[in-house]
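Questions regarding the structure given below will be posed in turn.
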């Protein structure tokens, strides 16, 4: 017997036959399946210094993709045929942090090894997930350049609290995964970092662009500059978007919010510009805490960041 | 290639190997599959008199099932092998109410016709969905007795607003689906109904039990009494649980909340007692509005109502 | 020209022709108009010790009356013809407290002098408004007995903060408006008062009933007892309902919430019982802070308190 | 007897004798009364694709007018003598959509027929209300030009869901009420529309300006341009402000929020500029959902949109 | 120079000279200082299976003590001279769980070794903190009896997730700290545990009382019974109050809320009764998550639990 | 005995040894202690026209300082050695406004008389606190110039409501404390003031800059201009930051929010520029209501305003 209306295994959302929502192009990865963009969730934020619900973000960001369509009016291009493969979320261990970090690195590596896609999006989690993720990219692709949008350097020492969400780039540099000169930080904000870490950045030749730089030079100019710095010397470029680079008015759901940051338009324009470069193979989006957000505004912004990156 | 940790098509929730969550026993219906309890969503609340998000409840109630386990300590009985078949949600039409009512009645009827299960749970939606649901049960099973937990009679006239969420039992009686004497209402609250409709209830021999009755006689006594009234004359018994029978402190997410209602314990005890009767074939749970709720408390209560009904 | 649907001066709320909502029986007082119940707003809470939005409650309680009907099913009596006269809200002065207290006392007195109604309901504001209100009743009606539902004695000294919301009954006693023996306090809660004030209550022969009394003797018994204490010696009885007598689960919007208080049913039953006595001429409802509430639950409870008092 | 302070029929809000709040200039329409601006509420959003409380907006926007004064410091002009006539809200039918659409068109038409005012403001409701409203304007004033601020084309097909809030301009065009070339859309956002509808817009010569256009050309330039396109060929110009044209940070209460939209200043400047044109006779403001908003921020913005339109 | 009003090192809270708030009796421990009750914070909830902000509770519970006074009207006894010594919060390590558990056990032990107080209150944190806390008590006092108010057995296996908040009593039993027969569990709720763990409880002779037991026998009877079971064989009695024993209406801020639990009055009465026993030396209060709570209702209840325990 | 981990008198916040949080540089004033910046709380908002919780802001702003560090990356300067002296909060009287105003003026005066610091920050409270604060500065330093960031003139008449939060600058001018020509107002917004008060501003030669001025001339230009106007004729310059100068998207916690105001970046840039002038001796920050805010966003912005002012 067949049903007239019921479809027990499918949800009952309204469907406009001419509209493809982005989440409709997202299907679970299966062996030997290929696609355009690989998506993986890294739902881990237990090592955040402050209580963080960023572990919930892979779910809310995927859900936010259901609010937007695959069609870019600006480019008059419909990306409905671009296939997004969902590799699922890495299962975290409730109490063993080392185990979870290992699982994340292994899983990103395995995903890359499938060679199923051209580009990959990692959904954090807190910024700590960039350590295993970038490590896996390095193993796969070689010398790696990183563009990091962030209010903070994330170069804290490890002694005081182990590998927290404040340490990923310090760890990457010290373990030789990433060279300081291959790291570009955009949106560094006043009164949000310690002198020691700014000095560390200088000493390691990290390229940092503060909010005053953004106000004076413009985000487009800076983005262009960082791309030029990386494109010749690196084998691949990795984007790391800490959503707290954005002003609290536009990204109210980040754990460490504050005023004076990027506008949503500035971030979107900058990510879109960077993503057009052919060396860009991966992007992570981190520090979205849906439990603190208002109407998933920050996850919605994250979804737009994804679209700007994927649909180039 | 296989993954060590990733399972692209499955969620990454923590799993205790000895615990079965209720939602793990819920699987989509497939042709010729049988089970114990059929579950269907009737996500419709557009005809509510006040703005209602009860259409979201089938999702939140199913999700709440994931917070509880199949084991009843009170009975020392594990219902992990009781199979719940999910028939999905009836797709509503965005603008055509008549069409949606038809789809709901047809779909409940089709579900019953599969004869796949012993008992069925309908998740509203507002109370308006009881009209198509009970109509379908009547067609399938014959003379139907209804136990309704509710602060309101739901016997409004049709002239003033058409078939709203205040009218289902009036409509059922006037269209001959249900006889007044086969309807028992528990929890009717002071200052929540019009005299005309109380008079209508009397005229049609509806059995009504007010909150003063509950306070004086006890909910167990009343439940026992209504079962006795129905068991000999009806072919089947249908439970209709309007969550606003419950006091606003225990069910803060109903559209029409107020003080002086049932406690959660009173409702759960009453539903459990009624559900043990072999004639009970169906139950609907309505008027849970997750958009107004606090921490899905009302959906959690609804999930417990389901468990008390299913696990008898 | 006349309009088919528009009624520029009336709101467009759905109307069931057979249902009378309580707010539909509430009309502005006009000279020489008479009615059954007088209603006045005392929207003042600036002298509360903690920040209080109780000044907003007259509006939300009146609005809550629009959710309930005039028909009591328990008594099978429709009070649709009982007229509620609204005397409006006393305009408070933004910065001059003494002026505001004077305005409140004068206005309640003027309302009583109209002799337009049998009974009056004063909507606070914080508990400080009971001082001018009860003073006005005393002037009009003579020796006054007060039944106060409250977690607190409200007998604080005046030296430390002037006439705050913790002092009304102290002030009434010390200014000779109310005799200690004519005051009955129900619901006094543990760890919510100072010994000095409990001693003061004893010394002045105030009748106090704690929550332990309520648990052991029952609220009905206690209510009956206080009525007996007052009915022979007083010229009139005034009810003062501080909503924080109720447990925080049932009245989450009071400024000073806490666990272990009355249930909503206990308060409603007690007020209903007391209100039947013919000497009861006035009731105030205080300490409802809509800015802290959840879905106006506490205002809804206040509306039910009003209905239990008015419809006897 | 007269009262010293009480005014039973007036609210008790603080009054600064030199300040006129906008809502004080709003009075109910009465027969033969004339004024400057007519205001009507179209509280309908039941046909929205997603659950929408936009039906509550006419009330919250009117209330927001009470927070602002009639004096424009920028122009040094006090509009305290400009009379706003309130025609009330069209009463919606709880279950009959066709009936409600008819009532809205009839009521707007009747309002226009009074010829009481120079300009009219329609308060939605969802964008579906623009269909009956613009139809009524067309009947009264002839060829109509429309400037629409919107993230979306609102040109969906009717087959999939009937006349939803995604279809008004499609319906207007297909029923010959509005010509494509007379429609200008400002603020169209990436990934928020389907290719089919962008193509439809092109085919019908609709003038569309995307967010990239706004960023590159500036909102003032674009506004000037659309005015020029319409002023010579149309008999009247109608403004349709879908608040979701605005970025979610500035209009958090729209049903379909997202990042990358107009700032509040851009919208206000654009509406003010357009409204100065003498052909502008009407404006609707739609898609404000107060039940999802934060502190009525979106209704406050809507109130400012009104003031920019009225006080030119 | 001295100030007339300013006291730079003290807060500016209003002070009634006759009222002592509970938090005014709480002072930091200093060497050789003695008191009546020792208070320590165990702000750890990182190993909770679901995201938990219970680590914030020591702060909110201490703050809630500031809302209540030291005077018990029920006993007519003022505890203003009972000294509460605050040992502060154990500093957790951001990423090293084992280290944090060690710190907690050491710190509780060190506190007990001061022998500064008669009784100690441990403020969690999630239920995982009971493991180090009870271990420390065992070391100090010998054979330990535990009364646990809880919806859950907390006897999960360790294999699936390590030492989470679901495992403390399993670990205590398996490491020989606590004997099954010395553990009494009150409030175990239906559908909230797995059969395996109920069986484990039986096998280890744990005394369990379900909610059905509470409804049928009464909480006073049960409390009396468990005291009798423990008083003769144990050297000390430890109370472990998992606030989720309480119904979600009364304790809305627990991570794992649900309906059908204890009322606030039942819990308070039971804790008060147990605490009178001279063997009771310690109590922990766990699973209060202030980040999910409404108006700190659950922390307020926790404060009352403390007062019922301390003031006996 | 000493503890391994516990520090009973210190909180247990995570500490990165290289980072100094701003609140770590804030210590209570003690006699003869000197520092760089004096901080005082003026927690008074009872005379606000609308209900205001601005009295809570001194606490939340101080707390927000704990989220930011003393290091300015823009200047590459660490202000960890700049000492902030906390003079505490002025204790308000619960019911006597005149007394509270006197206490505030006396306390600010006493603080200035200590001559302990170079610059002082006053944390309101509503804008009414600027009256006693500026009066005290005038007494100490002589002719005072004021730069006021504000949407409103705050020049209301006193007759209608006494000295409310709308009157401080009127009172200062009329009592001869401040000359009109020494007052500069930036950010005055349309439809937010009465003509009478704009006229009053003109008549008294107050320099006002509207939002249109800001849009056209730029905030930097205007700031430069007002500094030039004041530096030659005044003995000292006082900054008064009413946070409602900022758009509601960036400062959602002000009592009187609205669209079309300054961005956070504009305010921060302007305050930073003005604060560099050596005549600037004091700044107040007012009209932050934490009870209405979202995630303390407005207090966080206030903390940044402080840092821009202090660290010059």
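For reference, chains read A, B, C, D, E and F in written order, and residue numbers begin at 1 within each chain.
What we mean here is this: a residue touches a chain if its C-beta (ideal position, glycine included) is under 8 Å from a C-beta of that chain, and two chains touch if they have at least 3 such contacts.
Bear in mind the structure is a predicted one, so any value in this text is a computation, not a measurement.
The set of chains in contact with chain A as well as chain E comprises B, F.
Note on connectivity: the fewest chain-to-chain touch steps from chain D to chain E number 2.
For chain D, the chain whose average C-alpha position is most distant is E. Comparing the contact residues of chain D and chain F by number shows a mostly separate set, under half of all numbers used being common to the two copies. In this assembly, the chain whose C-alpha centre lies farthest from chain F is B. Fitting chain A to chain D on C-alpha positions gives a rotation angle of 120 degrees, to the nearest 5.
For this pair, chain B with chain D, the centres built from the Cα atoms lie 41 Å apart.
Between the Cα centres of chain A and chain C there is a gap of 56 Å. Each chain gets one centre point, the mean of its Cα atoms, and the points for chain B and chain E are 38 Å apart.
For chain A, the set of residues that touch two or more other chains comprises 14, 49, 94, 161, 249, 294. Every pair of chains that touch is listed here: A-B, A-D, A-E, A-F, B-C, B-D, B-E, C-D, C-E, C-F, D-F, E-F. Put simply, chain E touches chain C in their complex at residues 14-20, 22, 67-74, 76, 78, 249-250, 264-265, 268, 294-295, 297, 300-301, 304, 307, 311. Residues 46-49, 51, 53, 55-56, 93-97, 161-164, 291 of chain A are the ones that touch chain E when the two sit in their complex. Residue ranges on chain B touching chain A, taken from their complex, read 1-12, 14, 28-31, 40-41, 43, 85-92, 94, 103, 106-107, 110-111, 113-114.
The residues of chain F lying in touch with chain D in their complex are 49, 156-157, 159-161, 166, 188-198, 208, 210-212, 215, 247-249, 252, 256-260, 292, 294.
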